[in-house]
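Below, chain A partners chain B and then partners chain C, in two separate complexes.
Now for the complex of A and B:
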């Protein structure tokens, strides 16, 4: 296939299987093509390859020595054996060497269960250690930031050193000393403190040498459920996995996507996940009857909601949405506003300093600290308020129909919306201002639903539900879909894909995308109104 | 007899002026025919010099024995980028001290060789990377370089030929590994002294990513004489494949340790027993390391061998840098091996897993055996460690550490076994 595309290719066999790969392919990647993963530590696709862990040595016919698969480029006709006796013996020997000074403290090690040393040793390492002498002790060092260093577990692959040098381009880690006294260390007292990309060294550390202080001893790797998602904390839209135990997010980890975030994500986004686990959520639809709220089922609530909107003769509308809502949510809110005759529609977003990752400049912590600012703009919502996502609500002060979706109104005055004839609040928390609503409807967060975000560069990406929603909470698009159906008889979308398909009506460029085609890494929104990057 | 000793059986080409302090100065060197070769070289084309060196059969004197002319011919013929010559004067292998003497007595011989070598590979710049501990030789060499610049042998316009040739002295900081050519390049660039993965080879991407050739001190000194007298002249000594003369530095249990220059292929037994004076009264040679601590030991039975690359390989060892270490029957083989392996463990750069862990682990075992706490299983482990690290790492330091272990266990296993019971004999209570 590659040949058809005009790429020069070479042929080789890996473990007896014929492979055709583009010229310049490394043996480790050629082997991966046929499902033969060659164990490795120092090699990482996002970094330079020093070929120093010597674990990926493979047998190549005609070569007197075993060759490191991570740097050796496939030549035409190569016969590569990754599982030959010599290769297996060499790997077993390396694993024995790496265990010589390793403390074997898996029971208390955070990496346990996702540790490459553990995996490889149990797969093909020696059954017994032969060290009869004392082990070398390095101890624990606080590297600053979120990073804790357990020197004894280190296999000296230097991925962390190379990440800071090549990608973060802020050389704060180095190898000091040499031989078996060599150890990773920071240069100055503040260590990794102040570099917002530092936690990536925890991700790329193949063993438990670099661990996150935030995650320290909080969960075992095998207890975590992993769901592909999008980091909600800025408009970059880094691909992540939400790692969940007992319906609580334990940590966020980057997921590779060359079009958006490479292999990386920032610490600001990564460590800001506690709000997803927030307790005290609204669990049932609340309908105001007189001066009190009556909890009701959805089937009782929704007809009342439709009736209330229908009964509204006024044309003065107003909407406050949140840039944390999905495209489908925002599209539905837009359609509702059009159905009631329009009005000012606004959103508020927290902003901060933008920080670019020098070695992968398409990735930055963006100024806008919410995932779907771009979507909010595309669906016609206007930005109000200050950089703390507060203020600006006077824009909808005189609205007679008021829809608030996603914005938790934390800073709103206690009488906010009290003048509206119909105030629908769809959200997670019942702050004082929300108590003025006629309908308080529980909504899911992005972590509890399926949907899409549009990132700062118009890349539309899917996320999947990782948590069970509290009580009866539903996605905003689902609630508003039923409302619209009641108003104009259109069928209510049942699945996220249906809701996505409706977006094309408001923004034609969405009509060119199919929900199912977005896959795990998303697609660019072609033909969208050009948005300045980083806005 | 005053140092340096001399012996009538020597053929002194490189070491002719050892012990002659006047040869150190520019005037003295010129009076002894110095810089004639450079003048002659500048009148030749670089390709002619390379061919002359190829004809001579000169092989690298740093240890690997790669033909120098062939190495030079790997450099791009038409320079589109800066080329570099690096002279490896980081002589740190235990038992090796020939380059030190070449620099101390005849610094201009080396500078002349460097300038010719640089010209031959179309480099305008030569780094001499000298071992950090070589204070005295570095001072002598620095002074000689100054003299050479002042006299116009180095600089923007060498001897009015219009050719630009520079020599820079670069002091190491005490790491043995920086004698490995790619680690040396890193060190010159100011990086951590760690060997680089090859390919790319230095002739493609060396110092600062530019085509580079690295030659040993003795190699470049020999080039001076080859250019002066021709490649055929050099072949009058040695064997078909190992030509010319070579300096051998001898240490250990002989009556006259020192530097001796003999033709390649010289009988090793005669060399030790005649030139070096043989073992001390009432003792016998037991083990010999012919090429520095990184080559396998030989037992005294194998001494009837020619001192050349091929002959040493045929008895399971290597010529190396010609660093002969002689041990007589009073030597403690286990202790010597422990010291050598400890050296490699100390000097391992720590990149490759096998070498970093293997050298340190082997040291721990050898220390314990030396103390009398060893067992037969330890010897198996030592052999496994050695086999598992040799040939599997970026550079050959792990091979160097494996050589003394494997050869000594192979040839002197009894020395180890004699230690096994020692702890029991000395401290019987501890075992009970």
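Now for the complex of A and C:
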């Protein structure tokens, strides 16, 4: 396939398997191509490779010495053996040296279970160390921000130093001292405070030397369920994994996607996940009867909802949606508004300062602090309110049909929507203003459903359900899909893919995408004709 | 440094008696004793100091002659990063050791990250990171000297100065440290005091050498 695209290729053999790779491929990547993971610490695909950890040594036929696979480029006809006796012997020796000072405090180490030193030593390390002397003690240093440094566990791969130098371009970390005394440190008391990209050094640390204070001792790596998702906290749409234990999000970790976030994400997005775990959610549909709410099943609620909407003749409509809703939710809300004769449709979003990652400028903490602001715009919603996602609700004050989806109405006046003849509230929390609704319907958050977001560069990306929704909560698109089905007789979408397929009717660009084709890394809207992401 | 009380060859061939050249004859008269105030030729303007100043001084380092010397050094390198070692050398000479403030000033002057400067300064063992006395007494205890009683010489100097290893003596005159090979294995035990070598030193010589230095 590579040749068809006109890329020059070279042939090599890795562990007896013939493989053809583009010219300039590193041996470590060629080996990964045939499923051989060559152990490595200092090499990281997002950083320069100094070849200093000496762990990725492989045997290459014709070479008098073992070669570091992370910097050696495959030449035509190379015969590479990653598991040869000499290579295994060399790596075993390196691992033994690393264990000379490593504390082996795995039982209390946060990295345990996802630690590369654990993995490599158990795979091919020595069974016992031979050094009888005492280990070096460095201790713990608080680097500021969310980063805690356990010097004893460090293997001196310098990934963190190179990340701060090359990617964050804010060289706050360095190697201090030399030889067995070398440690990673900041400039005396300076620390990493104020750099919002600092937590990435925790992700790239192959061992437990750099750990997150937020996550410290909160969960073991093997207890976490990992679900691919999209960071909801700004319109960049960084690819993440939601790491969940006992139906509670424990942390967010970046997931590589060269088109959007590379290997990185910011601390602002990463540490703002507590709202996903909010308690006190609405768990059942509540239907107003007189001045009280009656909890009902969906099968009782939805026919009443359809009847109530049908009973309205053409009305002044109004809708308030949240930019945290998926494309499917927003498309359904748009179609409902069209079905009832239109009206002002608004969303509110928190804004803040934009911060670009200098070494990967496609990635920035964006001004709009919600995942689907672009989707909200595309589906015809209008921005109101101030930079704290408050105010602006007077836009829908005189609506007779009022739909609120996803917006918490936290700041709304207590009589908000009391003038509407039909007020439908679909959301997570029952704030005072929501109590004026005729229908209060429990909705899932993005973490409890499957769907798509459109990022600031029109990149449409999927996310998957990581949490069990509370009670009877359902995605907004499902609720509104049944409502629409009742209104115009069309079949209601049953799966997220069905809901996505309906988006083309509202925005033709979405019609050109197929839900299944989006995969884990998404696709740009309007095909390849648009400018690449990041421009 | 003046010749003090030492009559002949105070440093070079030590007090072995094997050589009759004076320091001026070996080094050339330009570089005997105190470094020229303007640092001399750019090639040597940033080299390690002849002598450690008595005590730390406050205020910026790169002013007056030191600024002139840094400018000279900078002409020798393509970029500022290259001039880091000699710049640290100048700061070291001005203050006797590299304090955090000194590192920060060097970083600012060369437009480098302070953390990087700290990394470099701590990597090289010849930069003092703590204040030292006016005379830095470096006793070799590596193989050759060790076989000929280097450890005893070290103890003798510690006793004669009344300090612990790496400490500054009460009068601010001396700091005694242990070093690895000084490259004069033919004349053990070797003791380097500031920039001068004292060779074939015996424990009994310690008191006399200190007297000469005072």
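Definition applied: the second predicted complex is superposed on the first by the 523 of 535 C-alpha atoms of A that agree within 3 Å, B and C clash if a C-alpha of one lies under 4 Å from a C-alpha of the other, contacts with A are read in each partner's own complex, and residues count from 1 in each chain.
Criterion: contacts are C-beta pairs under 8 Å (C-beta built on N, C-alpha and C of every residue); 3 or more make two chains touch, one makes a residue touch a chain.
Just so we're clear, the structure is a prediction, and the values are computed from it rather than from any experiment.
In the overlay built on the shared chain, the residue A:262 is in contact with neither chain B nor chain C.
When the two structures are aligned on the shared chain, A:57 is found in touch with chain B, with no touch to chain C.
Of the two partner chains, chain C is the only one touched by A:188; chain B is not.
Touched residues of chain A were counted for both chain B and chain C, and B has more of them.
In the superposition on chain A, A:359 makes contact with neither chain B nor chain C.
By the touch criterion defined above, A:323 lies against neither chain B nor chain C after alignment on the C-alpha atoms of chain A.
Residue contacts after overlaying the shared chain place A:178 against chain B and chain C alike.
Across the two superposed structures, the residue set of chain A contacted by chain B and also by chain C is 174-175, 177-178. In the complex of the two chains, the chain A residues touching chain C come out as 165, 170-178, 185-188, 190.
Those residues of chain B that touch chain A in the complex are listed here as 175, 177, 192, 197, 345-354, 356-361, 364-365, 368, 377-378, 381, 384, 388-389, 391-394. Note for the complex: chain A touches chain B at residues 50-55, 57, 65-66, 68, 71, 89-90, 93-94, 96-98, 100-101, 130-134, 136, 155-156, 158, 174-175, 177-182. Every residue of chain C that touches chain A in the complex is listed here, in rising order: 100, 103-104, 113-119, 122-123, 125.
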